Structure formats: structure tokens, C-alpha cells
Amino acid sequence: MRYISKRIIFFLITAWTALTMNFILPRLMPGNPAEVMIAKFQGRLNPQAIKALEIAFGINVHQSILIQYMDYLGRMITGRFGISVSFYPSTVSKVLSQAIPWTIGLFGTSTVIAFLLGTILGIRTSWRRNSPSSSVIVPLSLFLNSMPYFWFALIIDYVFAFKLGWFPLGGAYSSRGNVTGWISIGSILYHALLPGATIIITATGGWLLTMRNNMMSVLSDDFVTFARAKGLPDQVIEYKYAARNAILPSFTGFAMALGFVISGALLTEIVFSYPGVGYLLYQSVLNIDYPLMQAIFLFITIAVLTANFIVDMVYIFLDPRVRLGGGE
Amino acid sequence: MMKLVRKMDTEQIETKNKTVVEIEKLVKEFRIGRFTHARVVHAVNGIDIDIGKKEVVGLVGESGSGKTTVARVVARLYEPTSGRIILNGREIPKRMNRKALLDYRKHVQMIFQDPFSSLNPLHTVGYTLERPLKVHEIVDGNGRKERVKELLEICGLAPAEKYIDKYPYELSGGERQRVGIARALAVRPQLILADEPTSMLDVSIRLDIMNLMLDLKEREDISYLFITHDLAAAHYMSDRIAIMYAGHLVEIGPADEVINEPKHPYTQLLRKAAPKPESGLKPEEIDIGGEVPDLTELPSGCPFEPRCPFAKPKCREKLPDMVKVSEGHFVRCVLYSGGELQ
Amino acid sequence: MKTLLRVEKFNAGYTLKHTIVHAVRDVSFELKEREFLGIAGESGCGKSTLAFGLTRMLLPPGKVFSGKVEFDGKDLLNMNDEELRKIRWKDFSIVFQASMNVLNPVMKVKDQILDAITYHTSDYNGRLEKRARDLLALVNVSEKYLNAYPHQLSGGMKQRVVIAMALALNPKMIIMDEPTTALDVVVQKKILQEIDELRKKFGFSIIFITHDLSLLVEISDTIAIMYAGSIVEKAPSNVLYRHSLHPYTYGLMNSFPPLVGKKKRLHGIAGRPPDLSHEIKGCPFYERCPKRIKGVCDRVKPELVEIEPNHTVACHLYDEAGEKDGYRANRDEE
Amino acid sequence: MKYVLVFLKNKKAAFGLGILLFFVIIAIFAPYIAPYSPTYMGFVPLQPPTKQHLLGTTATGQDIFSRVVWGTRLSLFVGITTGLIATVLSVVIGLTAGYFGGLVDDILMTIANIFLVIPGLPLIIILAAYITIKGIWPIIFVISITGWAWGARVLRSQMLTLKNRDFVNASVVVGERPLHIIFADIFPNMLGLIVANFFGASIYAVLSEAGLEFLGLGNSNAISWGTILYWAQNNQAILFGLWPWMAVPGLFIALLGMSFALMNFAVDELTNPRLRK
């Protein structure tokens, strides 16, 4: 089908672009920044590791750029990202794979909650657009949406963890004693609560505003007026007619919004020292660990692309015009 | 100075009935989609129309018949896929440099359907009307202002001072369309392509716009290609009427004849479908199914065959030729090609 | 015939920030059972506001200011929302102007027909599918389109589906707001024929709103002409066509070039209608009227008076203020 | 002029503009508002707010209030400059793609879509980490090239709509040159959207800059709200209970972001009649 093939091609082009950027950027910069990094770690890394880094970043390598590139693509596709300098002698893949579950668990869950919450609130506030609660919610979400996530994280960390002491200041689980089973799950949830709340509270505003705008547009569409003329109950009009159509643009803009939220989530992890990908990125930046940085960037990009692809596929089920072709 | 220009223009075409423009085998195709989904829309499929001096030819058809595309190709908003456009006996090349194109535009102008979108909302009436004078370097400085006033007044927007600094949103639909007409008139063209100029206007002012166009024809020696879906309006305006269906010309002839004795089954259908309270209050019934054919997959025979009550097997074989049924009256239908007609 | 709808002194419009647009002004009329009433008027004359207002479909900033609407013995304007919802579509339905966009793009045609039924009655339970098929058959749409989505239908088919939906619960009245304006002449004609047949078959009343007077003359029983928010003349179609009294109606009738017959020069009506956000003193047509009486028409608003049975007109030429013989006024022209 | 008045009548716009003006005034009069030099390090370090130091002092004994006041200059500058650059990129790319169509359009829009899908901050972080020159311009550059894509897409579709309007066709028939058509006929009709787009890009810029500085990827010796937060975080201001050190610069970022968001929202409301109440 045309739509699916288009999405697949786009997925591949974008993934390839991200890979290629990763390859070109260090080579493009004046005095290949990787050189600085390698010089800095000279003596702390064994010569083999240095050699591997040199190959990865094209320093002192007498291969043509094309061969370097093919070699690089091969390594990336098979997941051989090289050795992490800051976590030497661990491989990048190993370091990364330890961080991924934390991020996906925390971030995935809170994003889904924020999306659902924002969408539902968006529907409700636009349907009752003149009620007092809507007139509070809109400026509030504008504020939340234009606030730096990390700052909000800092504030609630200060208030709820430091001042009130209700929650841990950071980390993902309790390190005291050997907790197992349910207790450890409880501890994980306990630690996840503040960072999760940060993401939910700040991200919800964005989804809410998007959904509200879409709803306002759809509510003035003729088919909604017609549904009223048909004497359908308000709830049916609100959901089956208005919201059902208003949600479609939310899906098409999903990738961008997701990118925005993920950026916020990375910073949130840093504030809470949450051992996920964002915190890892921070550490790799501090330690100028380029191989790790590259791998993280690739991982995030591919993750967003995949999420986006899934959303595109869901969209097929939601919009018959895409599913069946024809129309505009 | 202005009078001189004017005189030279009229000298080029002296005799009445001289042909101003001939459109020959005009074809326009649009390519849509890309790669595996590329398709060709056959919007105009080889039509021939000539328009004489001070003549109004009505081009009638339903949506998708290609009538607007004809106007836009002749107006050089689109390049023709093939076919010839001959202006004052000279063929217009497919590609023109700016000078040639400007020269062409000086002779051929256009009035658009929607007076609400055909005027730039951010430009005043005066600016809109000054532009053609400036672009074509017709008059300079003060003369331009005078000419703009003259144009407004010719088009029934008097006193001109009241209108010259207004923005489109301050004008009614009829007033806007008058500005549109004045803009087309500015360069003193020979031919004006009028693309449904009254269909978006209120009924009570349609006639005045049509009357204005007819008056201007006499006053400024203009020919019109008057495009419409309304048979009655075409009848009111035109000397000759051409009927289009699915990108083909199916009938052309003197207006009274085409209306009162339509030959092509499609023209007959259009006539029946048009409201005409004057002919008694009992409406005529029509009985026809089907829809206008898909322009990306046109039938090879007569395009009207699938819906035609008189369809014969041979209609499907090839596109019928244009046959002469009386002086200046031609029909593209097999009913008239085989001696069935006297 | 029994009166089905009675509208009295109906006023509606739009309250904007700085102005109030008084779009419908003191409109009164009656619709009988089985009657086909055409309401004709030009853009901005308030005809759509009237249709939306009297069915309480106007949304803010639109508002009904005052008046009375009695439909089938029920007071439409003072019903609560739930009561109103229940009779909508069941007792009267509306076919909209922009039928291209009135269908929900993500729902199948069938489901959109059925939800109108199921939220109003359980009469068809068990044979809903059949009901939907029958309805499409009434308007000559193949039943294979039941499972289609709106974007798969042509403009004419969409309009037919909407008409089928309007018939779903056998309403007593259908309001049609420019139902065929966006369609091609041939399709328009065909659909009008179908509407007429259906009306004869089921006996509902129609209020048909359009700017195209020439259409109405052929199809409706009665025609009301609206100008600047008011009804200026109302009469049976043939009477209105042959003996229109109001100078506006007369001008409008002569604004359509006849299709057949000899060509002759006709004239439209110069000028434009008054701004409805201002108060109008006297006759709203005064500025454009060729027969205006200075000192009378610009001072006193003419009331609708019945000149002969079923023929009413609001013009000083025909009432005491004008002191003129109405029928002579037109014959002079002819 | 008339449009400015209409804009100001909108409550959201007026409020947004008010906040922006507030910061502009602080930025301009920073030397008069700030009681001390922002770089002077002689005060007692890590003080909580006092009369002398409204927001307390840093770990190196600097007056936080003075730093926040002076920081306004840089934060505002980066936000507006980046917003402008990104908008210019959006306009050029969006209009080119929309006006020429065809292959040019396909290529430019694929690039825009790629930039939209690749998450912005990680890309900015990578870019900033590779750029070894520290300063304000690399940051402006990096945020600009990641922030143009959305605007380009919106402006392109507006261009497509306007290009097919009959007033453009009328200009063609009159004989206007393409440049005149683009700049005198089409462009003025897009101004509302371009302004909205500028506000949108500025929010993105303000937030991204703060994020980058907070991570220490900018020039941490420069004085901006982001770097103040960076030092606050680095010196564990929270653990010392020095909350104003964090709260105030963050609040300022949020307020500046919100002022752009409000104006963006307002222009949206004014240009899109469907959003009007």
C-alpha cells in the first residue's frame, strides 16, 4: 500500500540520515574533536582501545573515506558501537543496555499517561470552552508548556524531596540492604514518582493545547453541526464525531511532540540522577565520551522513529481516507 | 498620447467579423502523483474555437468539463500540452520570452470567478488598477491616476474618488467584480476571458455585471470567451455557444440555435435540466443516470456514450467527428453523421 | 390543511463584541402539512439564520432574540435541551447547504444513518440494516455504499445520502438549506425531482431555502421572499411569478434571463442591501426601490398585508400609507 | 499599524507583550538595576537571601540578583536572534518549496521532515559537544539549524494555498514578474503566520539555550539564566537550601517562554477565524 511504503521509505531515509550525521560531524569539525578526546585518555586506555577509537573517528587512518563509511555503517547496523571511554573497559552497547530499561520504563509510561491525560483534558476543555475550569486550564498549560522541564524538576525535587522529605532526592531504587521482589518494585515506583510526575505535568500541557486547538477547529465543522441537528446525545457528538476527528492531527504531529517531550525527559533524568539514557548522555558529555554519545543519539533517534512509525500505523486504522485511498 | 495608442490598436483590426483568436486542437493534460502512482488527467482534449471581433462566445459545461482549463491555457496561466493559439493571425509560440508574453497579455486578459479571492486583500483598488498600467508602461505618472479613475467610472464605480483608496473588504461582491473587470480592461485588451464572472454574485446584481460587459464590448471593441455553467446566462451574453463535456467540444453554433434547437443529446439534457419558469410552471422531467467520466481514464469513443439515451454500439468505437448541421452549427455526434439529418 | 409550523414575530441574529447583527426581523409565517414552502433571498438576507434560529441550531454568537415558534403543537423555543434533542430528526430534519462536509469522514455511511435512528427509536431494532438499505434505495443509491466512507462518494451521492438520512424517521417536516447549490445542473435537477417524488410519497412538508428563485418557481407550492431580514412578500408560486407585487420581488423575477425565447435587455437591481447591524428606518428596500415614495417609505416600515387570499406583501404601494392601487403598480411596467 | 492595534486588543497578546517588555527593560537598564557587578566575587559565598543580596550569593561569592539581571541580556538576545535566524530559514525554505513545487519541494520537505523527526535536544547536545569553540554564536547556530523545520512546513503549505488564490493568478495575467508576485502579492499575506512562527521559534530557542547551558555545553563563564542554573546545580544549591538561586532564573525562563507562547497563540487566534470564540 502506498501510505505504508511511503512511511517505511521515510523511516529508512531518516535513520540513514542520523547514521550519516554521526559519521560526518566529527570529521567535519575543525581538528576532529575525537583527537582531543583520544589525547586526553592516552595512558588511561590500552593501545588497542585507542586504535579502535581512531578507526571509528577516522584519525590516523589511511583508508578512503568511503571505506571508512561502509565499515562504520556495518558496525552500527550490527550494534558494535565500540568501547566506552568513560566506563572503560565496558563496551558502549553494554553501558547503554543497562540504561535503556530505566528510560523506557519511566519515560514510556509517563508519556503515555501525559498523552492520554492531555488529550482527554483537551477534549473536555474545548467542549465546555466557557466554563471556569477551562479558563484556568488553558493559561496554566501554556505556562507549563513554556517552562524548562529541568527547572520544574528542580523545584519539585526541592519541595517534595528536600524540604518535605516525602520522596528520595534521586536515583532509581533504594541502595540500602538487599531488597528483592515486591519491595524492590515498590522502591522503584517510589523513586520513579517525582521524575514521572515532572514529565506528566509538563508534557500534558502540550498535548492539551494541541488537542484543544484541533477540537475547536472540528467543532465548527459542518458534520458536528449536522450531528446536533440529528438529535444525537451530546456525549456521542463530543466523542464519536468531534474528538474522533480532532485526534487525527495529534497523530500526524506526534513525532515532533515526542521529540520535544524526550528532550525534556533527558534533562529530567539528569536532575534526578536517574540512571537512564539521559543521565548517561550527560555523563558522556561531561567525560567527552564520543562513542557513547554517538550511540545514545542513535538510540534516541531510532526509538523516536520507531514510536513514530507505530503511530503512523495506528493512524491507518483511525483514518479511512488513508486506509482506503481516494478522497483528498 | 493615449488616444494615439488607442487608434493604432484599432487599426490592426478593421473589418468586423475578423477573427481575433483561433484556438486549434488545444490539449491540456495534467500529471498528478509521482513514480508508481503517476496519472494523467485529460482536462482538455483537442478543442477548436475561434472568436471574432466584438463577438461573445459562451463556453458552457459542468464542473470537470474543462471549460475553466481552456480559459487558463488561453490566459497563459498554464502552458498548453499541444495545439495552437493564433492571435490576430499570428501563432503564439509555446514558450515566450518576457517581452512576447507581456505583448500577448496586453491583448488577452481575464476576469475571475470569485471576486472575493481575485483581489489581493492587502492592496487598495487604486493599486490593483495601477499595476497593469505600470507593468505595460501604458501611461505614466499623473496619467495613470487619471486612467484609473476613468476605468472605475467606465465600470460603474462612480465617483471614482470614493473607491480608489478602498480595500476589497470594504466593497460588496458586485463592486469587487467591477474592479476585476476594470483591471482586465486597463490594458485595452482585444479578448477577455471571463471565467464564470457572475456565478458567485447575488442574483439581483448578476444582470448588471453582464450588462456592463456587453456595454464594454461595444464601447471598447472587446471579444469575450464567456465561461459559465448557466445556459440562460450564456444565452443572454453570447453570439455563439460552445458546449463542453469531459474535455471535448460536443456542440458549437449560434446561440439561439443551440438553445432553441439543441442537437447533441448532452446539450438537450442541459437544456432540460435548466430551470425555465418562463416556459410554463410545470418542470420538465429528466431521466439519466451515471456521472461524468473519470478524466484519468477517458473512454476511447464518445465520452457521453455511457449516459446517452441514444447510444449505439458504434459510439464506443471512436470519438465521433464534428459534423455541420447548419450554417456555423457543428455537433460531435453520430446521430448527425449518417444522413439521419437533413 | 392543518398548520404544522407557526412562526410569529421571530427575531434572531448575532451578538458580536461591538455590534448586534439583527439578521432576522419580525418574521412571521405558517407552514401547512404537506406544503412545499420556498424561502428565497440573496446572501445576507437572513434566510439561513432563520432556518437555524427556528430549529434552535444557532450557536453563540448567534442568538434568538424573541418570537414564538410552534411546531406541531409544541413550543420549540421554550423546550429544554433534552426534549428538543428527542424531537430533532424525529419530527423534523435538516438538510444542509454544504452537504459535502456534513458527513463524519471517519464513520461508515451505514453507521451514520443508523445512529440517527437508534438514538431516537427502537422501532427498527432487529431490522436496522434493512432500514438503511431501504433508505438508500429511496434516493437511488446502491446499497453497496452502505459500507463506504464519505470520501468514496461523489458530491451528488453524498447529497442523496443526506436526504436519505433526513427521511430515516419519517419526519413531518424537512428544512432544506440550499441543498443543491454546490451541485452541477444535471445532478441538481435529478435530486430535485427525487425530493418531489419523496414528498408526494411520504407527505412531509418542506421548507426549501435558496437564493435561486427560478428553481423555486418550478418546484414549490408557496414562495416567501426575504430581504434584509424580513419577509417582503409571500404567495403561491404561480401567483408570485405572474403577479409579483413587491418591487424587490419584481426586480428579482426579472433578474433571471429567460432561457428560451427572444433575447432582450434586462436589468438587475442596483445598489446593495442595508447593513443589518444598524437600525433600519422605514422600508429596508427604500434605497434600491424604483417606486419609492419619499416621505413615506423612508419613515414607516411597511407591514405584511394580505392583498388577496394567501398573497401577502409588505409595501406601502399596497397599503393605506401608500394610497395606491397595488395591481396597477405592476401593470404599468408590463 | 492597524494590525498592531488589533493585536494589542487581544488580551493574550497584550499580556505576552507586557512580559517581553518587562524583560527588555531589565536588559537595557541592567547596569542601573543591578546593585553590583555580576562578576565581582568578593561577597560571603552561599548566603541565603538578605537585604543586601536579594537572591543570596553563589558558591564563589557573587551576587545572584545582579547575575540574574545581567543574564537577561544574553538570554533575551539568544532567544530573539535565534528566533529570527530560524524564521528566516523557515521563510526561505518554506517559500521556495511552496512556490516552485515539484522536485525542489520534495527534497526540501523531506529534509524538513527529517529535522522534525530527529529529536532536537539530543542533536543539539551532540552538535554542541563536537563544537570545540565555546561561545554564544555556536549555540545560536546549533539551535537555529534544528529549529527551522516546523516553520518551513507551515509556511510552505500557506504558500501553496496562497499561490492558488485567484489574486495571484490575476497578477500573472496582468504580467507581473515572479519576484513581484512573491514579495508584493503573496508575502504580505503571510506576515501573520511568519510572526507567529517567529514567536514559536523563539520559545524553542529560549528553552533549548537554557537546557544547553544547564548541561554546561555552552560557555559556562558567560552570564545567562541557563548558566546561573548550571552553577546552581553544580554547587548543589538545593542541598544548601538556596532555592532562589534556582527558582528565579528558571521562573524567568518560563515567563519569557510564556510571553512568546501567548503572543504566538494570539496571532494564531487572530489569523485563524476557527479558533476565535
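Just so it is clear, A, B, C and D label the chains in written order, and each chain counts residues from 1 on its own.
Operating definition for what follows: contacts are C-beta pairs under 8 Å (C-beta built on N, C-alpha and C of every residue); 3 or more make two chains touch, one makes a residue touch a chain.
Not measured: the values here are computed from a predicted model.
Asks: Of the chain pairs A-D and B-C, which one is connected by the greater count of C-beta contacts?
Replies: Between A-D and B-C, the larger count of C-beta pairs in contact belongs to A-D.
Asks: Calculate how many whole Å lie between the centre of chain A and the centre of chain D, each centre taken as the average of the chain's C-alpha atoms.
Replies: That pair's centroid distance is 21 Å.
Asks: Measuring centre to centre with CA averages, how many angstrom lie between chain B and chain C?
Replies: Inter-chain centre distance comes to 33 Å.
Asks: With chain centres taken as the means of their Cα atoms, state the distance from chain A to chain C in Å.
Replies: 55
Asks: So how far apart, in whole Å, are chain C and chain D when each is placed at the average of its C-alpha atoms?
Replies: Measuring from centre to centre gives 52 Å for this pair.
Asks: Identify every two-chain combination in which the chains touch.
Replies: By the stated definition, chains touch in these pairs: A-C, A-D, B-C, B-D.
Asks: Along chain D, where are the residues that touch chain A in the complex?
Replies: 110, 113-114, 116-123, 125-127, 129-132, 150, 203, 207-208, 210-211, 214-217, 229, 233, 238-239, 241, 243, 246-247, 250-251, 253-254, 257-258, 260-262, 265, 268, 274-275, 277
Asks: Give the list of chain C residues in touch with chain B in this complex.
Replies: 42-43, 140, 154, 156, 184-186, 188-190, 193, 211-215, 217-219, 237-238, 241, 251-252, 255-261, 263, 265-270, 272
Asks: Hey, which residues of chain B end up touching chain D in the complex?
Replies: Chain B residues touching chain D: 34, 72, 75-77, 98, 101-102, 105-106, 109-110, 112-114, 117-123, 131-132, 135-136, 180, 183-184.
Asks: Under the stated contact criterion, what part of chain A meets chain D in this complex?
Replies: 10, 13-14, 17-18, 21-22, 25-26, 29-31, 33, 36, 129-130, 142-143, 145-148, 150-152, 154-155, 157-158, 162, 169, 213, 216-217, 220, 255-256, 258-260, 262-264, 266-267, 270-271, 281-282, 285-286, 288, 290, 293-294, 296-297, 300-301, 304-305, 308
Asks: Per the contact definition, I'd like the list of chain B residues that touch chain C in the complex.
Replies: Spelled out, the residues of chain B in touch with chain C are 62-63, 172-175, 202-208, 210-211, 229-233, 235-236, 255-256, 259-260, 269-279, 281-283, 285-286, 288-289, 291-292.
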